[in-house]
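What follows is a set of structures to go through.
Two complexes follow with chain A in common, the first pairing it with chain B and the second with chain C.
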Partner chain A sequence: MEPITLIIILIGITLAGTLVGLGVHFVPVGGAPAAMAQATGIGTGTTMLAAASGFIGLISAGITANDMNTGGQLAQYYPKFGPALTGGTLFSVSGITDNLGAFALVLVAGMVGAMLAMVLLAVVANVLYAFAIGVPLVSAKVKKDPITGDRQDLYVTKGTEGHGTPTVAVVSSLIGGALGGLGGSLIYVALLAGGFTIAAAAFGAIGVFFLNSVLASYNITGTIEGFHDPKFKRWPRAVIACSIATFVVAIWAVAIMYMGA
Partner chain B sequence: MEELVVALGTAALMGACATIAGAAEDLESDFGSQSNANSQVQLAPQVGYVHRIYNKAICGEPVAYGFLCCSAAAVAFALMAAFSINQVLALALGALCASLMYGVYATTAYMGRLTGQKRFGQPIYLDILTTTTPSIIAHAFIASMAIAAFSYLLMTVLHHPFPFPILAMLWGILVGGMGSAIGDVHYGAEREYQNKPFGMGLPAAQSGKIIQKGEAGLRNSIDIAGYCVKHGGPLTGLGLGITVFFDNWREILFTQYFNGWGAMIAGLIIIALIVIFSRIIEVWARKTYGPYKTEA
Partner chain C sequence: MSEVKDIDWFTLAAVGIVGGLICIYAAVVLNAVFKVNYFAFVAAAGAILATVWGADAVRRICKYGIGTGVPSIGMLAFGMGLLSTLLGLKVADYLIGQGTLTTTLVTGVPIALVLGPIIALILSLVQGAVVGYLAQNILKMKIPTMQMGMIFIAGAASIIYIGYFTLITGTFAYPTVISSILGTGFIAPVFMIGALPMLHPYNACLGPDEEQKRTLTLAVESSLMTTVIFGILSLAIFAVAPKSDIITPAITVVLGLIAWVIAYLAYWARVKESGTIILETGVLPKKEA
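Moving on to the complex of A and B:
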């Protein structure tokens, strides 16, 4: 494999990992307090929420890439993708320019899969909040919902930080899901193009995804409501940390590709 | 055409499997109070609320289920590959192996966690251990069997490239995430704290003051699962079933349009509809319940 291809794969994995780390900050995570209607957001941990949705993106991206690669119905529209992937030239300069459409489709497949999982995680829980617990969906971090303009503070139970996932947090979760899905599918395609087997590439993508979502959740420390939360301003630190950590991992991945080739 | 019908039928079967898996997963986590807020069951004896609730939460549901389902699928895969055992039998044996292993973890977690709470006067109830652990194993079996089965269908019928133990792990992490995000709300906000008035969140000062008494006698984990089966379990199942079905349905039906972009557009339309649905619920809840009122 040419050195320039390896460098592009290195940059691709680093960028993807950083996107995952950034995406985690958009996800409205309430953790255990959210499950008690004591904080706004989705009632599970940061890492697992990002991972649960990101992996559905990975499954969608996997099936789309495989369809192009093995002569499925997408192979007729993107005939150059399969040979470039198996020949190891997908991440060369010419490989990228020839396959821009195929790249976009695989990455968007990852984004849409992750967004779908994320929005269902948020909205089905809202059904329970509204009908079983009987609480309005509000945030205590802002006075008015930045998207709908609804007054929030009057509806918040005293002694809590809000409950449920209001519209602004649902929209934020979609952005988080999209970035996570984009990152996860980019790592998968990069590893696959570097000569990893499908199973190894999937595991590599899972590993890099977990690495960055754990790192980002250290930065979040507990709960976050999305882009309107004051904690969101911490994102530059996570971007620096995630890019360094993913770069180190990406060097190992590229070294395996170099020695394997 | 025949291929399309088979693929759609498989997607529907997968959705049904996912619905069962989601409901079983949520109920299993309610039995073991692995559901959020599991910290409350741990905290309760420390604030003087001794209880008869099973307490086995060592790690979050997504991690636990990722590895439970992956173990089930891996054992099934090994049995199919090495001994050419019938697929259905292999999946059942794999799920049995994994759920028994899960039962061991549940037992050691319960004993270990409650031993650590001796200083707060929390006893270890052996009758709780012997009656609740089989229920945990049974629900873990249903969930892991269903997840492993639909991961196998995804690999063999819908031609997903990932080996099915990996798919089972990914879907296992999602089923855990769904159970944790959706079902736990019914357990944590409603069942653990039924002493608060309807229509309010739980103030932080009330943390740990969980309900100790049940409909008859002292409350135990089987009462809790019996209550959460009304809303928490079915909605978790519905959430996972919709995710699995829609994700496959849009890919099967719409990939043929606009050079593959049809599936993406269909996905975005589904997402937009769900967001609109969420907004309708939000407006309904605000109008129906009104602003928060302090007790006069």
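Moving on to the complex of A and C:
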């Protein structure tokens, strides 16, 4: 493959990995305490949340890319996408300008998939918190919900750090899902355009997704409530760490592409 | 509770790297010499040695509390190890394609192919060093074992990958790995179930009375269970034409099951050893005397 294309892929994967790392900061990761309704957020760790949103985002992005590539219903609107993908010219300068619409479609599909996963995890769990456990959905980190303006501190049970996923955290999880899905689907398309098979591109993307989500969750020491949490201010550290770590992984990926995946 | 001296982690690293690579090479070379696939199970021994190495590194990092739960570190190791491992195997394939280092050790095993796992291991160690540095100095985790531990788990993940690739397909040649492991989707179980024996032991045994021998016995036990599962998966590769070889998966599964029973009993003995006797005192009397 020509060097410019490889460099664009390298930059694309690095940028995408950084987006995943940033996205984790928006997701209300509650961890084990949240599963027992003793902390605000989705009641599981970052690893499982990354897997859930990553896999669903990949499925939706993958279906869209595959549909355009194999002459499905979308192929008639984006006829240049399939040949560019199989020819390895999708990430050249002309390939990107020719296929902006197709790119947008794949990336948005990935975003929507990941956002769906996030909002399902947050809202369905909220139904259980409210009606099965019987706790109000409150955050302990802020006095008033920044979006609805509802009073929070009165409803937090003593000795806990909030319950469920309140409105601000759900909105935050949507932003996180969007960033994560954007990053994940960009890695997938970049690897696919570099000549990886579908399975190899999917698992390469999952690998990069796990790497960045775990690094980002080390930055927030495991739990965060969303963009209103004081821990959110640590995001620049994660951006630096994730971009360097993904850059190294991207070098491996580009080296495989150079030698013909 | 640490009267028993722990095995040094550099010793375990040596066992994992040298033992792991020797077992993987032994599987491929023995298969080539005898022109059979039966020795694929030897590669599992390499993966198990690497798992023990990785599980020990995981317990030394997670002892300090990483805040995200132990499983995250296994996923991190396998996430960063995947592409570096594939690149290492690809370099070997590229060299063979270029016609360099094609002198054969034994029939069908050129020197370039043998270099693959070593390059994969080195690249994974480099990746682990970068991530360890980032976690320690940029994310400021302040865990003294983080730098070395990250290098170790990335290296262990690489050897575990290659070990199980060889167990399932009988070789670690890049084209076979791409078609038989990635193309069939077996990469998903290799990623998840392969990581479990490394992250699960410390996750299950952690606590004030955690001891190295019990944790590592559990690592061996759970990786043998993984071996049995991958033995069943290898049916899909070996038992169909043109190989039509049902004996290789059978050997892997039967030996794996026998070894698993032994390892399970050994782990059970360790659990009983570190258990304490509980004295039944009965419930409190309803009325004070």
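Just so we're on the same page, the second predicted complex is superposed on the first by the 260 of 261 C-alpha atoms of A that agree within 3 Å, B and C clash if a C-alpha of one lies under 4 Å from a C-alpha of the other, contacts with A are read in each partner's own complex, and residues count from 1 in each chain.
Going forward, a contact is a pair of C-beta atoms (placed from the backbone, for glycine too) under 8 Å apart; a residue touches a chain by one contact, two chains touch by 3 or more.
Small disclaimer: the values here were computed from a predicted structure and weren't measured.
J.: Which partner does A:Gly204 contact after superposing on A: first (chain B), second (chain C), both, neither?
T.: A:Gly204 sits against chain C, while chain B stays out of touch.
J.: After superposition on the shared chain, which partner residues are touched by A:Ile11: those of chain B (first), chain C (second), both, or neither?
T.: After superposition on chain A, A:Ile11 lies in contact with neither partner.
J.: Please indicate which partner A:Ala32 is in contact with in the superposed arrangement: first for chain B, second for chain C, both, or neither.
T.: Both partners, chain B and chain C.
J.: For A:Ala75, decide between first (touching chain B), second (touching chain C), both and neither.
T.: Neither partner.
J.: See if chain A has more residues touched by chain B or by chain C, and give me that chain.
T.: More residues of chain A are touched by B.
J.: In the superposed arrangement, does A:Ile240 touch chain B (first), chain C (second), both or neither?
T.: So A:Ile240 only meets chain C here.
J.: Between chain B and chain C, whom does A:Thr148 touch in the aligned arrangement: first, second, both, or neither?
T.: first
J.: Does chain B (first) or chain C (second) touch A:Val127, or do both, or does neither?
T.: first
J.: By the touch definition at the top of the document, which applies to A:Trp252: first (chain B), second (chain C), both, or neither?
T.: Second partner only.
J.: Counting only touches as set out at the top, which of chain B and chain C does A:His163 meet: first, second, both, neither?
T.: In the superposition, A:His163 touches chain B alone.
J.: Check chain A for residues that touch chain B in one structure and chain C in the other, and list them.
T.: Touching chain B in the first complex and chain C in the second, residues 31-32, 45, 51, 199, 203, 206 of chain A appear in both lists.
J.: In the complex, go through chain A and note every residue touching chain B.
T.: Residues 31-38, 42-45, 48-49, 51-53, 55-56, 58-60, 62-67, 70, 72-74, 77-78, 101, 105, 108-109, 112-113, 115-117, 119-137, 148, 150, 154-160, 162-167, 170-171, 174, 198-199, 202-203, 206.
J.: Hey, which residues of chain C end up touching chain A in the complex?
T.: The touching residues are 66-69, 71-73, 75-76, 78-84, 86-87, 90-91, 93-94, 123, 126-127, 130-131, 134-135, 138-141, 178, 182-185, 187-188, 191.
J.: Note which residues of chain B are touching chain A in the complex, please.
T.: Residues in contact with chain A: 35-40, 60-63, 158-163, 166-167, 169-171, 173-174, 176-178, 180-182, 184-190, 192-193, 198-207, 231-232, 235-236, 238-239, 242-243, 246-247, 251, 255-256, 259-261, 263-264, 267-268, 270-271, 274-275, 277-279, 281-282, 284-286, 289-292, 294.
J.: Considering only the defined contacts, which chain A positions touch chain C in the complex?
T.: 31-32, 45-47, 50-51, 197, 199-200, 203-204, 206-211, 214-215, 217-219, 221-223, 237-238, 240-241, 244-245, 248-249, 252-253, 255-256, 259-261
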